[in-house]
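Can you keep this structure in mind? I'll have questions shortly.
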Amino acid sequence: HGELAGYCLMLGDDALIMSQRLSEWCSRAPDLEEDIALANMALDLLGQARLLLARAAAADPGVVPALPDGSPVPAEDALAFFREAEAFRNVRLAEVANGDFAHVVVRLLLFSAARLALLERLRGSADKVLAAVAAKGVKEVAYHRDWAGRWFLTLARGTDESHRRLVAALDALWPLQDELVATHPLERSLARAGVGVDPASTRDEVDAVLDQVFAVSGVDRPDRAPLAGVGGRTGRHGTHTEALSRLLAEMQVVARAHPSGRW
Amino acid sequence: HGELAGYCLMLGDDALIMSQRLSEWCSRAPDLEEDIALANMALDLLGQARLLLARAAAADPGVVPALPDGSPVPAEDALAFFREAEAFRNVRLAEVANGDFAHVVVRLLLFSAARLALLERLRGSADKVLAAVAAKGVKEVAYHRDWAGRWFLTLARGTDESHRRLVAALDALWPLQDELVATHPLERSLARAGVGVDPASTRDEVDAVLDQVFAVSGVDRPDRAPLAGVGGRTGRHGTHTEALSRLLAEMQVVARAHPSGRW
Amino acid sequence: MTTTPTERDPEERLRAGFDATIARHDRIEPRDWMPDAYRRTLVRQIAQHAHSEIIGMQPEGNWIGRAPSLRRKAILLAKVQDEAGHGLYLYSACETLGVSRAELTDLLLAGRQKYSSIFNYPTLSYADVGTIGWLVDGAAICNQVPLCRTSYGPYGRAMIRICKEESFHQRQGYELLMTMMRGTDAQRAMVQESVDRFWWPSLMMFGPPDAQSPNSARSMAWGVKRNSNDELRQKFVDMTVPQAEALGVTLPDPDLRWNEERGHHDFGEPDWEELAAVIAGNGPCNAQRLAHRRAAHEDGAWVREAATAFAERSAGAGAR
Amino acid sequence: MTTTPTERDPEERLRAGFDATIARHDRIEPRDWMPDAYRRTLVRQIAQHAHSEIIGMQPEGNWIGRAPSLRRKAILLAKVQDEAGHGLYLYSACETLGVSRAELTDLLLAGRQKYSSIFNYPTLSYADVGTIGWLVDGAAICNQVPLCRTSYGPYGRAMIRICKEESFHQRQGYELLMTMMRGTDAQRAMVQESVDRFWWPSLMMFGPPDAQSPNSARSMAWGVKRNSNDELRQKFVDMTVPQAEALGVTLPDPDLRWNEERGHHDFGEPDWEELAAVIAGNGPCNAQRLAHRRAAHEDGAWVREAATAFAERSAGAGAR
């Protein structure tokens, strides 16, 4: 159950941190329609995060940070707001700071292409909760991927400036793509047990999806190596970029000021 | 002594928050010389803040936030890191987010013109500690004012772009200038007791200094009303801009995660 | 300067029809004839309302990233998203009067159209999210419910939908405060401090006293506005006092008391000078709010241009 | 292709003088003759060192805003400021070789000159500030102390000053870790985690094994470099192990043990593939560090232009 909890944290933290970054776009999008769309996707991922963090806590209460006696803070919030950066298991792609609109389009494309392929397989998980979360998530993330794909095409074939910005965003984010389809030992182990999915098993499908978007858009697949970790450790091991602790400083500040607060 | 403590917090918080904003420039200045100069000024103000917060705590230990039993956190740090935004007494000019280099020049000019006039008078304070802090501070802040004045002139008479940016920064920050020379009841009371200085008594001198900088630089004194408070309450009353709580979220995050930490 | 009867009569007939529709409390629709001044008044009012929704995303949006529970984060994000949606409906209603969203946005950014002054106050704690729901949305609803019966059809219908969602937001805000009041001492103090800051600005949301409100009379005659500023303010106070008691907070007005004779609460005078300063652009956040909106608009220009270019190219390809 | 004896002799005499100076372990000064390759090697090495100081401001600067005590904030800010100062001395030393700071900056930003790979690792906790002082500055000192005796005068003198300040920084870093180790369990864990991350990258600061270090032989012959990579690495390990024991942290190397026979510590092999990836630009922070530097440079362009224009105008006014 410790393994299942750890696995749920990986998927849940991906959704939580990505949602946090998306929600930073609120009131800042190029127009109202995209403001609403970005908020919608942030809400979808926040919903997935809540279910997955709750599942992690149920699978192994030991993963939930201790709070003062009698604190009414629910487990999902203890996990979201009272863990330090190194206890987060999200991929680094989810956490890096927002750039321009091309950056959010590319990040969403890379993220949701991999997450959709994963969730589709996870619908068959031996863990009924995970299977249900995946079934719900597939519909949501399919929309995210389509939104990102449409905008990728639009920016690629829009103006010179939009093309230039899109390619710059793709170059900047591509080194973080590999981590989405790399396998952590926990994932391998849970995949063997029929509970989780080995992301490496989605690699070809994800590649094909991305290649198709690139082809339609007339953009070359970047030729850039994956971002190194530290001693081989990456986001999935709790070794993040400098961006995560800053993100958490903001996200957690009110909750931490009131460890016995009711909200 | 409660009044003296409150007064020290005003002057100390001005220095602390201004120092925090200046230190954000570190590794971001237009050249190495200015990077070093900005860090120097941040260090000067940090030094002033430490003396003033320590004086506040000595005058009235009741102002120091309570920490867990046995916490080794010194009073200056309890005050800096464990107060909420509304307990800070700095002027709003000190806290607003950094803009471009013109913004830091204008902010420093307005801030140090007022602070220098104040510290010069405060050297005669009946409180020996305050008098000593002021005597030391005068030399530092005189340098800050000169630095800002030189750059104000340089940007005003540099290029069209630098002139435009300078005027934009001045327009943006001018509404916050008045708070520097407005009188809080506490200041009036301590001025009567010969301990503090009524900032209103420096108004003419500060105006004259600024007018001279404007005149030499060929820049008009802005014709903009002071920024309103909320029900008349401004930074000195603990009613700040939205920027302060964000600044504190960053500044306080590590200290708060370790309320019994030794550093 | 003479006009023939045939020229005059149609316009008079149209005006008579318009007046009769107004008198019946019926709706004017986009294709109906309407006086220019009516159209201008409506554009001004609906645009101001739309801008308020959009600018109003900022004070609450300020806390989305810091929401202290995931449930509250979802509620707040959905609420701010709803405000964007309200802005959309209202800009659409305005477009039925022949003014585009882009034009209205330009007028807002140039400072030539207003938005509600309440959004020029800062949000300084998470309690403000609740207080804005309770007091600000509460005051907005008092202002807006009568507008569901406003004479211009698209506006009235937009208001029906908006009011429904606003009531939901108001209940959520109140519920947040109620929950916080059942929490720690620090949370209760946070709620009280927030109410202290927002009470008077909320009262000022109803506008200046009737005697000083220049546009009100005509707007009421046209059925664009249906109650006076002071009537609505009184209604809001009467509605809010028992809610404050239930919550356990003190409204920061020493003159606030029940007047048996009037059957209403007496209350103190808001600081109209502060309201004037805020309206004049010197409020705590006027510059900040417009700068944020302007930055978003400018940062998004290249995206809108790309979308337009792509759409034109696609249409061209389709036509070929 | 024939050269007259008079053309040849002076150069040969110059070279002989140069060689003699080197052999005496004396200093070469800016106006002295030097071989082009010597000059190029020095420019490359000093520039890389200067860039390292400047890029090195970022990992520690990342924590200035979050320093957990005012005393530590002052220490850290002063330290990062010192690094800017070191950058200044070193660029000045480089300028004595005929290359301007602006040119060197352009080469850095274009990715055509390197900086120390250690700065391509992220700082992830406040303990990293201490660890960088202890291990990274410690390794840098091992590398740099011999450079105080380097053959090129301005570089050697800059290094004397820099090494003095670096030793001070190293002691401050170690003192921070020591203080944290006397703190809470969470602080001790933070220190250990930080040491775990920085140990191997610190060892890699001495460069590849001697057998694979192409530039070392000539640099040593010229007295630009005075010890081999492996010698310095061994010295660092031997120096650090007792410090780690005093601190109470475990160095993350199961092969680390005292070898009585060699009179040195044996230790494991660093991950040279990771070093190669980082040097190739794929380290965790390469892109981030350069982007930060580039942004600062570009954001400051208008200021530098304004200063130049103002200086020219003032000079013109003075000349009139």
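Per-chain numbering from 1; labels A, B, C and D assigned in written order.
Keep in mind that, in the parts below, contacts are C-beta pairs under 8 Å (C-beta built on N, C-alpha and C of every residue); 3 or more make two chains touch, one makes a residue touch a chain.
Everything numeric here is computed off the predicted structure, so don't read it as measured data.
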Maximum centroid distance from chain C, chain identifier (CA atoms): D
Chain pair with the higher count of C-beta pairs in contact (B-D, B-C): B-D
Chain A-chain D separation of Cα centroids, rounded to whole Å: 37
Chain A-chain B separation of Cα centroids, rounded to whole Å: 41
Touching two or more other chains - residue numbers and ranges from chain D: 66
Contacts with two or more other chains, residues of chain B listed in rising order: 245, 249-250, 253, 257
Graph class of chain-chain contacts, one of line, ring, star, complete, other: other
Interchain contacts, given as pairs of chains that touch: A-B, A-C, A-D, B-C, B-D
Touching residues (chain side chain B, partner chain C) in the complex: 85-86, 172, 175, 224-232, 239-242, 245, 249
Touching residues on chain C, where the partner in the complex is chain A: 54, 57-58, 61, 63-74, 77-78, 80-81, 84-85, 87-88, 91, 126, 176, 179-180, 182-184, 186-187, 292, 295-296, 299-307, 309-310, 313
In the complex, chain A residues that touch chain C: 16, 20, 23-24, 26-36, 39-40, 42-43, 46-47, 49-50, 53, 72-74, 76-77, 80-81, 100-101, 153-155, 157-159, 161-162, 165, 250-251, 253-255, 257-258, 260-263
Chain D to chain A touching residues, read off their complex: 62, 66, 121-125, 193, 196-197, 200-201, 271, 274, 277-278, 280, 282-285, 287-288
Touching residues (chain side chain A, partner chain B) in the complex: 84, 245-246, 249-250, 253, 256-257
